[in-house]
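Multiple structures follow.
Shared between the two complexes below is chain A, which pairs with chain B and chain C, respectively.
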Partner chain A sequence: MNLALKELLYKMADDQLILGHRNSEWTGFGPILEEDIAFSSMAQDKVGQSLALYTLLQTLGESDPDTVAFTRNANQFHNCILVELPNQEYDFSLIRHFLFDTAEALRFEALGNSSYEPLAQLARKIRGELRYHTLHANTWMKQLGSATEESITRLQNSLQIALPYALGIFEPSPYEAELIDQKIFTGEVALKEKWMAKVESVLNQTQLHLPDWKTITPVYGGREGKHSEHLQPLLDEMSEVFRIDPSAEW
Partner chain B sequence: MNSLDPRVNRLPQLNEAISTKAPLDQFGTYEVFVQPKEGKPFQHEGIVHAPNLELAWVLAKETFTRRFTCVSLYVVDTRDVYVSPLTEGDKNVYDVLPQVAEQSGSKKNFEIYHLVKRGKQHVHVGTVQAVLPQEAMQLAGKQFNNGKVVFNVWAIATDTIRFTNDEEKELWLTLPEKKFRDASDYKGGDKLKEFLEKR
Partner chain C sequence: MNEQILHILETVRDPEIPVLSLVDLGVITAVTVEGNTVLVKMTPTFVGCPAMDYMKAEVETVLQQQGYEPRVEITFEKPWSSDLISEKGKAALKKYGLAPPPDSTLFTDLEILETACPRCNGTHTELKTPFGPTLCRAIYYCHTCKEAFEQFKPI
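Entry: the complex of A and B
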């Protein structure tokens, strides 16, 4: 159970930490002040959620959260590649936010019934944050996905780029059967099915076109530590201050 | 009044007719009201820019309720906020409100807000039923004018407000734990003092 549970917790925590860091890069650069604040706040929520998950890992014998977050190299991270990609323009960040947070909200919704009670408790505790994140993403999708020719074209192009990586969120886990048998998690396959239905239902309310799922080839590798060239520079920057004095009190 | 500060120039004048607040030349503006605790009245916190009422509500949540305690919020288009004249000193605005005759027609609910201290926020004081906002203010004068000087009154038709529904109240579940968003939580002064004493 321990290995399966750790694999699940690591990939979730790493997803949240890396995307939290990426989204925080918009702080001070958001399209309007109010959106800048909202996006930064959600980035902070994600880093907070990763801390909660790393803290659970510590109770299972792993190192303390700061050590785990700031001292590993890229090949020791288990996040999906989607979350490490550079921000590009705001349309891409919004599409990624929509695709990833839809999956994350559904994942935590399922984990609310996990047999691993600390994870179930965390899922219930942060349900309000996840509700806001998906509400924010869905509202913008509906607004910009039907607004002007430029906004629709931009989102459509970003959707095409992001979808193969988004399917990488559900990269098959070697512990899938074990996690399901032990009622820790309903599994990546079931999660992907729910996610696809949800993504479709939101995009159907816009003028965006969702390609046939069968034509999209998922980009895998992140869960096994095989990442794009973008992750290591992100980690170097994220841990820059920590590495100056790992024992500093903040 | 003529000031270099555009906010001052936007203030309503004494003998002006009751009208809506003027929007600015960007995205439309929406007024944000926050309820800090259950049982406490909603109070005006500020404005957000947004393309529509729903996004205004979404953006108001993080713009105005990411730090201090909050259990609910609502937003309304600035153009739906009816504003009375503004008084000062010991002049009660209810004494200078233009009088309107009782209106015929179907009545609707209006939310009423008072400004009782300059520099503070407008606070919700109750609901009245009226046909027109001007009439709503007049009725509010009879119901909520308890002798304390009121400098300014707002009236907003209830059906123009985007409220928080009961399910959405869980958005603020983890807010009390986010003390790190408050600068005082870092106890910077204490740490600096300790550092200087060690030197």
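Entry: the complex of A and C
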């Protein structure tokens, strides 16, 4: 059970940490003040949630959260590639936020019933927080997805680029059967089906066009440490202070 | 929970909202006294709340000052919800200028609840952003006062 559980916790914690860092890159650069604050707050939530997940891993025998977060190289991270892609323009960040957080909210919803009680307790807390992330994403998708020709075209282009990576969120784990049998997690396939339905229901309220799922080829690799060229520079920046002086208090 | 200990913990405030004690905020979920040892269970308002370590240290300090040996445990056994803020706490929030949170069970990711302005009590208000200067606050605008106000989020 331990290996399966650890794999699940690592990929979730790494997703939260890396997207949290990307979100924080909007601090001071948001297109409007409210969005600057929104992405900064979501960054704080996600980094805090990753800390809680790394703390659970520590109770299972892994190193302390700072060591785990700041001293691994890219090939030791298990986040999906979607979250490590550069922010690009606001339309891409928004599309990624919508696609990822829709999945994340459903993941924690399911984990609220996990047989691993410490994770179930944490998930029941986090799922309430994520409602604000999905509320934010859904509001902007509905508004900008039906606003001007420019906003619709920009979101549509970003959607086409992000969808193959978004399907990579659900890259199957070698432990799927074990996680499902032991009722730790409902599994990536079940999660993906719920996610598709939710994504469709929001996009149907916009003028955005969702391509046939069958025509999209998922980009896998992130869960087993095979990343894009964008992850290592992010990690180098994130861990710069820690690497200079691991004993620094901040 | 032990009244005497709770009375001591009333003096510890949320550093980001100094009108609220930790007891009124609802983050103290259990207190057990065994001889001189006091076990306090606390839970964060938000998982990423940066004030948690500070509040934990404050709880330890005030209990030590009263001659107790504190053991503080951070746990998610009973997750925090804004519904745990006491009536006294809600009144203090309003007086401080923060709209108190409505019943969190009525909040979904699709609907925005009507929120009264803490100044004029009017409901001609609009959610500007569900995120604010701290994780627990949202920013609203009151069309009657023609001014922004903050709300303690329902969660």
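Here is the rule we go by: the second predicted complex is superposed on the first by the 250 of 250 C-alpha atoms of A that agree within 3 Å, B and C clash if a C-alpha of one lies under 4 Å from a C-alpha of the other, contacts with A are read in each partner's own complex, and residues count from 1 in each chain.
The rule is simple: a residue touches a chain if its C-beta (ideal position, glycine included) is under 8 Å from a C-beta of that chain, and two chains touch if they have at least 3 such contacts.
Keep in mind the model is a prediction, meaning the values are calculated, not measured.
Visitor: So if we stack both complexes on chain A, do chain B and chain C clash, or do they fit?
Guide: clash
Visitor: If we overlay the two complexes on their shared chain A, which of chain B and chain C does A:V47 touch? Say first, second, both or neither.
Guide: It touches chain C, and chain B stays clear.
Visitor: Please indicate which partner A:A69 is in contact with in the superposed arrangement: first for chain B, second for chain C, both, or neither.
Guide: After superposing on A, A:A69 lies clear of both chain B and chain C.
Visitor: Given the superposition on chain A, which partner contacts more residues in chain A: chain B or chain C?
Guide: Of chain B and chain C, the partner in contact with more residues of chain A is C.
Visitor: Would you sort A:V199 into first (chain B), second (chain C), both or neither based on which partner it touches?
Guide: Neither partner.
Visitor: Regarding the shared-chain residue A:Q121, is it in contact with chain B (first), chain C (second), both, or neither?
Guide: Touch partner of A:Q121: chain C, not chain B.
Visitor: Just chain B (first), just chain C (second), both, or neither: which does A:L231 touch?
Guide: neither
Visitor: Between chain B (first) and chain C (second), which, if any, makes contact with A:L111: first, second, both or neither?
Guide: In the superposition, A:L111 touches no partner, neither chain B nor chain C.
Visitor: So, A:W140: does it touch chain B (first), chain C (second), both, or neither?
Guide: first
Visitor: Does the superposition put A:R131 against chain B (first), chain C (second), both, or neither?
Guide: both
Visitor: Quick one: classify A:E34 as touching chain B (first), chain C (second), both or neither.
Guide: both
Visitor: Once the two complexes are overlaid on A, one stretch of chain C runs into chain B. Is it 4-12, 22-30 or 130-138?
Guide: Of the stretches 4-12, 22-30 or 130-138 of chain C, only 130-138 runs into chain B after superposition.
Visitor: Could you give the residue numbers on chain A that contact chain B in one complex and chain C in the other?
Guide: Comparing the two interfaces on chain A, one with chain B and one with chain C, the shared residues are 34-35, 37-38, 41-42, 44, 48, 125-126, 128-129, 131-132, 135-136.
Visitor: Mind pulling up the chain C residues that touch chain A in the complex?
Guide: It is residues 43, 46-50, 75-77, 79-81, 104, 107-110, 112, 128-133, 135, 139, 153, 155 of chain C that touch chain A.
Visitor: For chain A, which residues are in contact with chain C within the complex?
Guide: 34-35, 37-38, 40-42, 44-49, 51-52, 105, 118, 121-122, 124-126, 128-129, 131-132, 134-136, 138
Visitor: How about chain A: which of its residues touch chain B in the complex?
Guide: Spelled out, the residues of chain A in touch with chain B are 32-35, 37-38, 41-42, 44, 48, 125-129, 131-132, 135-136, 139-140, 143, 147, 250.
Visitor: Can you list the residues on chain B that touch chain A in the complex?
Guide: My answer: residues 27, 48-52, 54-55, 58-63, 66, 168, 170-174, 178, 181, 186.
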